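Below: the structure, in structure tokens.
Chain nomenclature is as follows: A, B, C, D, E and F, assigned in order of appearance, with residue numbering initiated at 1 for each chain independently.
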Amino acid sequence: MKATEQRLEEHLILEKPYYLAAGKEVEIALAAHKNGLPLLLKGPTGCGKTRFMQFLAWKLKLPLITVSCHDDLSTSDLVGRFLIRSGEAVWTDGPLTLAVRAGAICYLDEIVEARKDTTVVIHPLADDRRELPVEKLGELLSAPPEFMISVSYNPGYQSVLKDLKPSTRQRFVAISFDYPEPDTEAEIVAIEGGIDRKLALSLVKLAGMTRSLKESGLAEGASTRLLIQTGQLVRDGIDIHTACRAALIEPLSDDPELLAALEEMVSSIF
Amino acid sequence: MKATEQRLEEHLILEKPYYLAAGKEVEIALAAHKNGLPLLLKGPTGCGKTRFMQFLAWKLKLPLITVSCHDDLSTSDLVGRFLIRSGEAVWTDGPLTLAVRAGAICYLDEIVEARKDTTVVIHPLADDRRELPVEKLGELLSAPPEFMISVSYNPGYQSVLKDLKPSTRQRFVAISFDYPEPDTEAEIVAIEGGIDRKLALSLVKLAGMTRSLKESGLAEGASTRLLIQTGQLVRDGIDIHTACRAALIEPLSDDPELLAALEEMVSSIF
Amino acid sequence: MKATEQRLEEHLILEKPYYLAAGKEVEIALAAHKNGLPLLLKGPTGCGKTRFMQFLAWKLKLPLITVSCHDDLSTSDLVGRFLIRSGEAVWTDGPLTLAVRAGAICYLDEIVEARKDTTVVIHPLADDRRELPVEKLGELLSAPPEFMISVSYNPGYQSVLKDLKPSTRQRFVAISFDYPEPDTEAEIVAIEGGIDRKLALSLVKLAGMTRSLKESGLAEGASTRLLIQTGQLVRDGIDIHTACRAALIEPLSDDPELLAALEEMVSSIF
Amino acid sequence: MKATEQRLEEHLILEKPYYLAAGKEVEIALAAHKNGLPLLLKGPTGCGKTRFMQFLAWKLKLPLITVSCHDDLSTSDLVGRFLIRSGEAVWTDGPLTLAVRAGAICYLDEIVEARKDTTVVIHPLADDRRELPVEKLGELLSAPPEFMISVSYNPGYQSVLKDLKPSTRQRFVAISFDYPEPDTEAEIVAIEGGIDRKLALSLVKLAGMTRSLKESGLAEGASTRLLIQTGQLVRDGIDIHTACRAALIEPLSDDPELLAALEEMVSSIF
Amino acid sequence: MKATEQRLEEHLILEKPYYLAAGKEVEIALAAHKNGLPLLLKGPTGCGKTRFMQFLAWKLKLPLITVSCHDDLSTSDLVGRFLIRSGEAVWTDGPLTLAVRAGAICYLDEIVEARKDTTVVIHPLADDRRELPVEKLGELLSAPPEFMISVSYNPGYQSVLKDLKPSTRQRFVAISFDYPEPDTEAEIVAIEGGIDRKLALSLVKLAGMTRSLKESGLAEGASTRLLIQTGQLVRDGIDIHTACRAALIEPLSDDPELLAALEEMVSSIF
Amino acid sequence: MKATEQRLEEHLILEKPYYLAAGKEVEIALAAHKNGLPLLLKGPTGCGKTRFMQFLAWKLKLPLITVSCHDDLSTSDLVGRFLIRSGEAVWTDGPLTLAVRAGAICYLDEIVEARKDTTVVIHPLADDRRELPVEKLGELLSAPPEFMISVSYNPGYQSVLKDLKPSTRQRFVAISFDYPEPDTEAEIVAIEGGIDRKLALSLVKLAGMTRSLKESGLAEGASTRLLIQTGQLVRDGIDIHTACRAALIEPLSDDPELLAALEEMVSSIF
């Protein structure tokens, strides 16, 4: 077990992350942080929510502790648990408790995937009490002013069942994310994928076409991330059609008809 | 593990909480406390139930121990459990047992989210026996006269499945909460949001409009808490439209049509 | 952990409980006890089943060990379990085993809420074997003649799913409880609520009206307990309308139409 | 933990149980035992299956180890488990292993209630291998010739879901039980209930009427056991109508219409 | 805990089992063993699959380790687990690991009853890798050439839900079993049941009639095993009708109509 | 517990695996590895996905750590857990952590069978962070450049329920596999099955016919693996019809009609 300082250092973002703002999201997030309000990020897969959090953490000079939520994430996974050392129960802070004690940012990615107890454990942290009851220690931690809690989810494919309860939602300041504007997106793809701007623009155009397929049953269109990965394969010598198939089409669907439609889109552009 | 006295002190409310009574709720709660009767608070999200409990605890000079209920809250989480220390099983009181021993107020927030065993464990405490059987210790605790148990829930979005059983409900004195009157609410928003009364009144008017959307499918209208958070963003320099979008509209829904209707409401007022 | 004698003493009822018999329930229960037969009490919420058990225990001078049943009550919760002390597994009797060893009365409240293993564990105790196999100890306890097992449930809101199996039911002598006769009920409400007989009679009349609402969708009418609690609020200076709303109407339902109907009933009487 | 010999002695039946044979069930069971075949008893609640097993065990001079099956009975509950003693894992035989080692009769009551792993664990014991693999010990026990496994269930109210699988059923010699003939039943009721033969005959007649109600929705008619319990109440001075209501009618149903029909049957006879 | 050699010896089949081959199943199984291929046996209850495995193990002079699969069989039950001895975690091989290490035959009876993790854990053993990853030890065991894995199930009453996945099925060489030819079956019944050949032939004829009832709703017809058990009862002096009822009819069904049809079949033959 | 170096050595593939490329899958995989991108393999049972991974690992000279996914595979099974040694909790790396630390290839076979927490635990490894948070150690591991994560599944029989979420899919470069071309497949079958090319071609033709039965309800046609196994039986002296039945037909289905159709196909060819 590493010491706490060491654990936190690993989560500091030292280099300025590459981030192009689309609106006033940075100002809103800074005002929310100043008022001790929690942040909720909505938006599709791979559109930059995680990158935004990295940028914000860099700007605030705070460690960013990210937790990917899922069905089996228990309260103990977040808050902490006792481990047996030499026959003694030794307490180990979970990522949320670590963030509260250190005044870091705790980012719960895809919060709606979590079980309800995870969602509820953040309630007293997310209103004006800003407290974390660590029941197994019998402690009630008060969050320092630097601490911020942030959650994200993708409203596009949530089932009603997993929707956030109003009593949870209404604690947050919420920012809606979407894919970047074509020019911005092409710039990102060119820089991160290592290809020229013209090819990047063609890939962005292709992505736009796949995003329109959502009404035809595609769960989600190609993300910026997929475009970057396609670019990387091309840069390494894979021909454009093979690269599109491997890095852009096949990751989107297994449905033969959708795959055929996607192939046609590639052919129409390249 | 902190000592019990220390644990209780953390739960004492030393400063008078800001609370504006809407009816006779304070008198009823004091009479219930005097007769050793448990309290049930009903009402929508963010309308002041938690604040009311803080006010009551301050008035009675009793520690307030709050438990946010959820699906996975077990009886042991409430009553206590054995922890292993140097190979010994050491008992640790849960929040409910702590409150019973100390004669504090135990407040179970969103009780209907809890599993049935949580609801049932409070039965002998909530009738004239006022006893808590701590079965793992083989003890039967008698609650001192100061002890009070209080539960809350939101009748607006409970599923039938999770409804409280009559045998549970009929143990409580029940108080129904609603949003404050417009003038009262504007005063709260102005004071807590740090904005002028005129803007506060406009926000309250907007909130009323969102609350009427409940019949159009909105799970719940904007709470007083959301108005306060909107005010805080404006106070920190975010323009009113951006602040409303981030702190009032986006937290309410992901549905494009409802979002559009909410945007229009904002435009009609600001 | 307290010693067994101490644990049992806590369960002795020293003062004669206030109980008005409605029929031959006391004689039947005494004959069942004499013949070593188990007892099943049926009836609505708050009509006096628990009080009857207290009276019977007082009359038989036997400790009364009550267990509130629920979904998560395991066989170990009833029979006992091993706890680790100084690295040793030390056995701790559960309430049922404690009652069998001591020849006490064990009362399982709301038995149909329990899991099937709870219902089945009492089978050999509830027929002429009167044995409790404590499998984890490898012991087979024979119940002394004083021991009695008693269970209760409310036939009014049981789902078919949770019905008792015939093989369980047919082990019991069964007594059906209902609300007391108006005069008897008024006497109880006056004495326990600390109000005059006239007001008590009006409350009983009101209760009768709420009980007739069962056909209109009310899960259950006002119990005697609710009338007593209403009386207590009035005695402490809450006006009659406010007291009825807080202690009698709101605990019954969240349905706006039913609440309105209940309010009208109050207005027609007071 | 008692020693094994002591545990077994508790299960020996020293006094001849009162049992009137209805057919050749004793001969069949003895032949099955002689050939090392397992026994399956079918029949309604309280018709004498358990008593028959006690008689058979007495006749074979073998200990009878009974296990009431239920949903949560695990393989470990039957076969055994390790318990921690002074930091050592000490093995404790479960009832099935105990019976196999000692050559006793193991009787699994209401086998269809058990989970599938319970049903499957008896497979190698119930065919010509007659072996019990105790996997946690790495042992393969061979049952001695005296060992017998016997199971029972009530075909009247099994759900299809819980039906025994053919691969389980086809290992057993099966005997079907029913209520005794009226004369036999009256003799049993008179002797065990302590009442005269005439009253016993009337009770048997009444039982017959209730058994015909099965087609009108009654889960099961009155068992011989209920008649005996009614007799016992009458012997102790409870009048016949009150005794029938408490010991015969109320245990059968909660349905108002069925209860009324049952009351009428009582009135037509007494 | 017995030593490994001792554990294996218990599983060696020393006497040649009585087995009459119906086709080329022995040759196929030997060829599969020679090529290191796993074996899948399909067929109805009690038709000789287990006996065939005993014969094969005897012929190959390999220990036969049989595991009856069920819903609650975990990977640890198959692969092994750590047990605490004097405060140390001591590893204990499960039956599958034992068989892999020793080069024995591991026979998983009724594989479709097992949870998916059981089915998946055999994948790397059942293809050309022939490896067993023992993850808790961090070991990757290579099976010696003698090792064979064999599974069985009854295709007659599998639900679609529990069907084997193609990725599991397509690893096996599969042999389909059925009831023996009448003459063969009569020989088996006469020898194992201890009755003359004529009676055995009549029983086989009766069995054939019951097997045709499958289309009328009988889950499965009488197995050879049931005929043998009927013979054993007759040999011990039970008359043929009583023996058929107890050992052949009642084990097949609880349905009154099917039971009547089966009774008629008995009467038509005896 | 073996030392880490030893554990890794077991996973090195020393001999060049027999693999015939069907397209550009090797180039794509090498480019993905070079860019630190994760790999997703789609395709039917037994078409060579596992063999491809072995080939890739051999080519990259990296250890290949394979995990067969299933419903009960927990995050701890992948990441690691504490084991008790002499009263101390000693950490043991799971296969995924082992692969990350050592810079090996981790191949999750049939990923869609895994629980969501398994799918989510690879998220931070599968995007440009390439980190594995080992929460129980409080460590955040950075994967070295050699490390690669690869997953596979069969899109042919996935339920919608178990489909990969877009946020998971869109992290991968995906390659679609299918059965080899007839000539290629015959070469593989001849070499690995040890039969002549003509017979191999006939088996491939037969396989093609079974694959067309998919539209008639067959879950999946015969894989290359089944053809090899059929060849092996023939090489060892089993006649071609018996070999086809045992190694090719019976493994495909239990449905009598499909089995008949498959038999006919065999007869039409041999």
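Everything that follows uses one rule, which is that a contact is a pair of C-beta atoms (placed from the backbone, for glycine too) under 8 Å apart; a residue touches a chain by one contact, two chains touch by 3 or more.
Predicted, not measured: the structure shown is a model, and the values here were computed from it.
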Field: Longest centre-to-centre distance from chain E, chain (CA-based)
entry: B
- request: Would you mind pulling out the distance in Å between where the CA atoms of chain E average out and where those of chain F do?
  value: 30
- line: When centres are defined as mean Cα positions, the distance from chain B to chain F in whole Å is 52
Task: At least two other chains touched by the same residue of chain B: list those residues.
output: 84, 87
- prompt: Chain adjacency by touch: line, ring, star, complete or other shape?
  reply: ring
Query: Going round the ring from chain D toward chain E, what is the chain order?
result: D, E, F, A, B, C
- prompt: Which residues, counting only chain F, touch chain A once they are in their complex?
  reply: 24, 27-28, 31-32, 34-35, 37, 40, 42, 74-75, 82, 84, 87-89, 115-117, 119-121, 123-124, 127, 133, 135-140, 155, 158, 165-167, 169-176
Chain B to chain A touching residues, read off their complex: 1-2, 7, 10-11, 45-46, 50, 66-73, 77, 83-87, 92-95, 98, 109-110, 113, 154, 157, 219-220, 222-223, 225-226, 229, 232-233, 236-238, 242, 246-247, 250-252, 254
